[in-house]
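In the two assemblies presented below, chain A is common to both, partnered first by chain B and then by chain C.
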Partner chain A sequence: MDDSAIIELFLARSEQAIRELDGKYGKLCHSLSYNILHSRQDAEECVNDAYLGTWDAIPPARPNPLLAFLCKIVRNLSLMRYHADRTAKRGGGSCAVALEELEDCLASPRTVEGDLEERELVRLIEGFLDTLPPENRVLFMRRYWFSDSCGEVAARTGLSEKNVSVRLSRIRKQLRHYLEERGVM
Partner chain B sequence: MNGTKLLDSLEYISPALIEAADEPPMRQRVIWFKWGGLAACLCAITAVFALRTPQGGPGGLVFSTNPSASPSVSDGPQESASQPVDRPQELTSDTYSSLEELLIYLRFHEVHRNDQDNAASRPKLTGKEGAGADSAWQAGRDVVSYEGTVYQIIKGDPLYNEHYVAIFRDGAETGRVDLDTPPEALYLTDGKLIVVGRRQGGMEPDLEQKDYGTAVMVYDLSDPRKPVQTDVFHQRGGWAACWVSSGRLWLVTLDGVCACGYSRLADLDDYKPRLAHNGEAVPWPEEDICILGEPTQVKYAAVSCIDLEDGTVLRKLACYGDISDVYFGEDWFALVTQSAVEGGAYSLQTVYTFDGGMSFTGKCDMAAVFGLEGTGKLAKGEAAPPEYPDVKAVARADGIWRVVGEYVQNSKTGGTKELFAVAYDPDGPRPITMERLRLPVERFTIDDVLWEEDRTVISTGTGQTGALAFAEFSGTDISLLAGELTCDRVQGVDGIYWYGSPLGHIKPFIPLGNGLYLRYNGTPDGLDLYDLSDSASPKCLYQSSGDIPEGARLDFDSRVIDESTVAVKLIPQARANSYYGREEVCTWAIVTVDLDSEGTGAAVRFWDRQFPVTGTDPTDFNFFEPSDNR
Partner chain C sequence: MNAAQFSSALGKVNDKYIMEAITYERKKKSGWLKWGAMAACIGLIFTVTMAALPGIFRGQGNIVLPPNPDPDVPGPVASGDDGQTSAEPLQPPSEPEITINWDGVAVNESAGLAPDAARLYRDPALYNEEILDTQGVKAYYGWELAPAYIPDGLTGGGKAVSGRIVREKATGNVVEDQAGRSFWVDFWEDGSPKSDDDIVIPKGFTIRASRLRILHCCLLPIDEERTTDFGGVPITLSHCSMKHGPFDPTKKAPDGLSNMPAGYYDIYTASFTLDGVEYEVSAQRLELEEVIKITASIIKPYQEGFVVGGSQEIPDKGSAPAEYPDTVIVPGFDLDEPSEPDAP
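The block that comes next holds the complex of A and B.
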C-alpha cells in the first residue's frame, strides 16, 4: 500500500492504518529503535508509541514523506528512552559508539559552549552532506541517523566493514574540518 | 557542544536525506546479480527435492515446531543476550508493549491525546463564538494594535532564541519588547498588553525543568511606543487555556502524569500547583485544591483568575483528576476527564462544571447519561466495553450546560457512531436531556463545533467528505438535525507548522453574521460561502473555484472586518509545508462577499492587492488607498 493510502486510512481513523504502517515500515522502525536502545522490548515499545504519535498527529498533519515523519518520531522516542536509561547504566548499543565517534569530531566543548543553535548546526551539516558523494552521504546517514552499526552499513552498501569504518573516519575528519572552517569549533 | 547534541540535532535534518539513505543501494543490486543465479539454482534444486520427498516422512526435512527456535521475519532485531537491559520502570508505567495492546487502547478511545506534550495540547473549540464576533479574547493573537502602534510576534526560527515582540509604527519596526520566554499569544485590554509564553528549555518541553510552566507578562501601554512591564506571573504546568474577559485574565495549566504514564518528576510532592507573581510565590492553600472523582493519576488543572488592573490574583483553584480537556467561556469553565483503560480497569468521561467564581456547579456523568457502567475491572486480555460516549465540546448558555460528542459503538467489523447532544441544567427539575442521532455515514468524526446562541453547528467528516449537522437548544430541549449538504472535509487549514504557533489551526468556519459563514475548501483552495440560517436547509451560495492567488495557500489566521469583508492570511505554496518559516513570507489578503439581490447566490472575491503581514494589523487596513505592497 502506498503512503497516501495509509494516510487516508489514518484520516478515516481506521485501525488498519497502524497495521499497514507496521507492515510497511515496522521492520525499519524496529531496527532503528533497536540500534539506539539495544533492547528489543524497549524498541517494541518505542515503535508502538511512535505509531500512537502518528495516530495523534494525522489528522491534521499529512506528512510527506511518511517514512521520514515516522522515523523521526521513532528516533526521538528512542533517544529519549536512551537518555533516560543512561542515567541508570552505561549503554552498550551502537548509538553509544556513534556518540563517542562524534565526540571526537567535536573535541573541544569549550569553544562552542552552546552558542551555535541546533538549527544552524543542522544547516551546516546539510551543507556538508551536500559536498559528499551520494554513497558517502548514505554512509553518514545510516551510521549517525539510523544508528546502524558499521557491519550493518557494510552489509547494506556492499562495502567491507573495514572500508566503511575507514570512510566514516574520513568523513568525520572532513566534517570536523568543515565545521572548523565555519567557526563552529 | 558534544556528540549528544550533534546527534540530537540531526533530528531536524532534511527528510529527503533520510529517504535517500533508506533507498536500496545500487551496490546491493550488483551483489544480488552476482549471487542471484546461484541462489536461484539452489532454490530450484531444493524445490525439486521437496516435491519428490513427502514432508515429515522418512528422510524428509524436519522443521522445529518450537517458534522460538526459528526467528520469524517479523520478529525484528533480536536482543543481545549478553547485554540484558533493565528499563527504569518508573518512567514507563503505561507504554504499549505490543501492537495489539495499542490497538485495544485505540479501539476504546479513538482519539488519544498525549498530554505529555502539553505544548501541543490546546483546548478544543471553546466558549461561544457569536456570529461575526472577534474571538481574540479566547485564543489571543499574534498581532494586535493600540493607538497606531502594532505589536507582533515574529515567528522566526525559534532556535535563534529571539524572544521578543516587535513594535511597529507606520509599518516600520521601531522597537522590541524583549522577553525571556518565547511569546505565544498576545492579548490587549484596557491599555494593557498581555504576552503569554511557555517557559521550557527547548523544542520539546523539558518536563524535568524546574521552572517548566506558563508565563504571563503584563505591560502598561501609557506610552504605546515603550511598553513598561508591570507584572509577571508564572504558573507551573503546560498551557491549556488562557482568556481575557472584563479586565481579568484566566489561565489554566495542566501538570502531572501524562496519559502515557511518563512522570515529570519522581517525587509526587512536586506535583503541587505553583504560582509566582513578580518572582514571589503566591500561597496555594489546601482550600484552593479539590479532587474530581477518583483519579487514577497524579494530574491536575490549575486555574487562576488575575485582575489585570492591579495584578491581584483574585481566585485560584487546582483540580486533581484524570483531566484531559478544558473548555471555557467568559465566566465559566468545564473540565472533562478522559475515557481510559488503566491497569485492568476502565472509566468513562465526566464533565465537571464551574462558574466564574470557580465554584463547582455540578457534574455530568456521561456513563449515567447513557446508562452505562462508568467504571469497571477488566480481566487480562479483555477489551473495554465497546460502547462509550466521547465528548467533543462543552459550552454554557443561560446557566445550562451543553455537551456535544460522538457515541461510539465498536464491533469487530468496525462499528458505528452516533452524534449526541446533552443539555445539563444543574438547578432544573429535569437536569439532563440527551438526544442521539445516527448520521448517514456509519463512521464519522466531529471535526469542529461552532456554538451559536441557541444552536450548535457541528462539522463532521469521513474520508475527504464533510457534512454539517445541527443541534438546536431551547432550555433543556434538544433537536438534532443532519444536514444533507455535503462539502469538502476541512479539519483545519495547514499553516506554517511552527513550534508553538500561537493560533494553531484555523477553524473551518468564518462567521459573517446573519447565518452566513465562509468555510475553507481545500480542493480547490478557496472559501465557500454558506447560508446556514435555516438548519433544515443549509445552502451553499458560492463554491470556490480555486480563488486563492496562484502559488499561495491559506494560513491559519483570519480576521472578520465587517459582515462582508474578511482578512485572511496567505502563505506561499512552496513554504506551506515548511516546519519553520519567517513570517515575512506571508501576506494578508482581503476577501469580499457580494450577495445577489435574491440572496440565493454570491460572489467571493479576493482582492488583487495584498498587505504585508509584518507590522500590519488587519483591523487597521485602509481599504481606500492602495497598499504600498512592501
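The block that comes next holds the complex of A and C.
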C-alpha cells in the first residue's frame, strides 16, 4: 500500500492505518528507536507512541513524505525517552557516543547560549548539509540523525568501517569550520 | 550550544535529507569501470616495463615470419597475405650458409644498466593513448616483431605482441610509440618469464621498436660507441656482465661494495634503425652468436639457414681486426668492417 492510501486510512480514522503503517515502516522505526535507546522494550513503546502521535496528527496533517514524518516522531520520542532514562541513570547506547563525538566540534553552552534560535541553527545545518557530497551527507545523517553505528553506516554505503570513521571525522571538522565561519561557535 | 541542542536542531532539518539517508543505495562499480581500471593498470605496467626492463616482453607462440618479398633489399617490409605463419618457432636450419667472423663484430662494453628515466605524464585531456594488439603492431610497424631466427628452446609464450601509441589530440600527431615482443625459455602461469634452471635470471630476448626512434639502450656505454655494418645497416652492439643472486651476505664481492653474487650473466643489446624504425634487441643469458643471428634475421629475414661462427674469440673492447679470414658466404648480406668512431 502506498503512502497516500495509508494517509487516506488515517483520515478515515481506520485502525487499519496503524497496521499498514507498522507493516510498511515498522522495522525501520524499531531500528531507529533501538539505535537511540538500546532497549527493545523501550523501542517498542516509542514506536507505538509514534503511531499514536501519527494517529493524532493525521488529520489535519497530510504529511508528505509520510516516512520522514514518522521517523521524526520516532526520533523525538526516542530521544526524549533517552534523556529521561539518562536522568534516571539508566540507558546508554550508541546515541551517547554519537553525541559525545559532536561535542568536540561544538562550543560550550556558555558561549552562544540564548544567541541563536533553533530554527536559525536548523537553517545553518541544512546549509552545511548542502555543502556535502551526497555520500558524505548520507554518512552524516545516518550517524547523527539515525544514530547508526559506524559498522551499520559502512554496511549501508558499501564503505569500510574505517573509511566511514575517517570520513565522519573530516565532516565534523568541516562542520566546526562551517559554524565558526558563521559565528555560531 | 551543546550536542543535545544540535541534535534537536538536526532533527528538524528538511525531510529531503531524511529521505535521502533512508533511500540511499550504494553505488556498485560497473564491471566496465572495474575492468577498465584494471586494463589501464595493466597498460601502465606494460609501458613502465617497456621503459624500465626491456627484457620481459613476451611474444606469441604463433610466430609470423617477417616479410621479405625482395631478398635483395635488407629489412622487413610490410607483409601481405603471403606472409608465412607457423605454429612453432622457427629453428635454424641445419645447412650453414653464412659464416661471420667474430673479429668483424664490434661490441661496446657497458658499465651497467641505465637508470629508468621518469616517464612523461600525458594529460588524458590532451593526449589519446592507444594500446596496440598484434594487428595494430603489424599495421603500424609493418610486421609482428617476430624474427626469422629464434634460438633453440625459446618460445613466445601465450601473450601477443603489444605496443602503445600516444597521440596529441589537437593535431593527431604521434608523440610516443613503442612496441615489444619477447621470447623466453619458459613462462610462469601469469605469462611472466621464468628461468628453467637454478639461476633466477630467465634466458631469452626482447625486440622493441619505435618509429619515433625514442628507444634508449638500457646499457650505459663506457666509451664512445662503435657500430658494426650488417648489410648496410649500422648495428650498435653492447654488452654488460651482470651479477645474479642469491647473494651471500657473509662475503663481499670483488668490488667491495655488494655482497658476493652467486654468479654472473651476460646482457647483450643490438640497436639499429631499419626502414625508419628504431629497433633494439635485448638478450640475457644468450651467447653473442645468438644475438647476432637474431639481429641478422631481422635485417635480412632469410628463408634459409645461416650460421655465425668462425675461429675467432669475441673481440676485446676496442679491438679492430687486421683481417677477416672467415668473413664470407653471406648471400645478399655482407658483414662489413666495423665502423670507426667519429672523430671528436
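Definition applied: the second predicted complex is superposed on the first by the 179 of 185 C-alpha atoms of A that agree within 3 Å, B and C clash if a C-alpha of one lies under 4 Å from a C-alpha of the other, contacts with A are read in each partner's own complex, and residues count from 1 in each chain.
Following the convention adopted for this analysis, a residue touches a chain if its C-beta (ideal position, glycine included) is under 8 Å from a C-beta of that chain, and two chains touch if they have at least 3 such contacts.
Fair warning: this is a prediction, and the values are worked out from it, not measured in the lab.
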When the two structures are laid over each other on chain A, do chain B and chain C clash or fit? clash
After lining up the shared chain so the two structures overlap, which partner does A:Ala68 touch, if you call chain B first and chain C second: first, second, both or neither? both
Between chain B (first) and chain C (second), which, if any, makes contact with A:Glu161: first, second, both or neither? neither
Thinking of the overlay built on chain A, is A:Lys27 touched by chain B (first), by chain C (second), by both, or by neither? first
Figure out whether A:Ile125 sits in contact with chain B (first) or chain C (second), or with both, or with neither. both
For A:Asn76, decide between first (touching chain B), second (touching chain C), both and neither. both
Residues of chain A touched: more by chain B or chain C? B
Check the residue A:Leu52 against both partner chains and state whether it touches chain B (first), chain C (second), both, or neither. first
Part of chain B, among the options 19-27, 73-81, 307-315 or 505-513, whose backbone runs into chain C after overlay: 19-27
By the touch definition above, which chain A residues appear in both interfaces, chain B in one complex and chain C in the other? 28, 65, 67-69, 71-72, 75-76, 79, 83, 99-100, 102-103, 106, 109, 111-113, 116, 118-119, 121-122, 125-126, 129, 134-135, 137-138, 141-142, 144-146, 156-159, 184
Going by the contact rule set out above, which residues of chain C touch chain A in the complex? 1-15, 17-22, 24, 26-28
Tell me, which parts of chain A touch chain B in their complex? 8, 11-15, 18-19, 22, 26-28, 30-31, 34-35, 37-45, 48-49, 51-53, 55-56, 59-62, 64-65, 67-69, 71-72, 75-76, 79, 81, 83-85, 87-89, 91-92, 95, 98-103, 105-106, 109, 111-114, 116-122, 125-126, 129, 134-135, 137-138, 141-142, 144-146, 156-159, 184
Tell me, which parts of chain A touch chain C in their complex? 28, 65, 67-69, 71-72, 75-76, 79, 83, 99-100, 102-103, 106-109, 111-113, 116, 118-119, 121-122, 125-126, 129, 134-135, 137-138, 141-142, 144-146, 156-159, 184
Inside the complex, what are the residues of chain B that reach chain A? 1-22, 25, 27-28, 30-31, 73-74, 76-80, 83, 85-88, 91-92, 95-99, 101-103, 106-107, 110-114, 157, 159-161, 202-204, 260, 414, 443, 445, 462-464, 491-492, 494, 497, 505, 577, 580
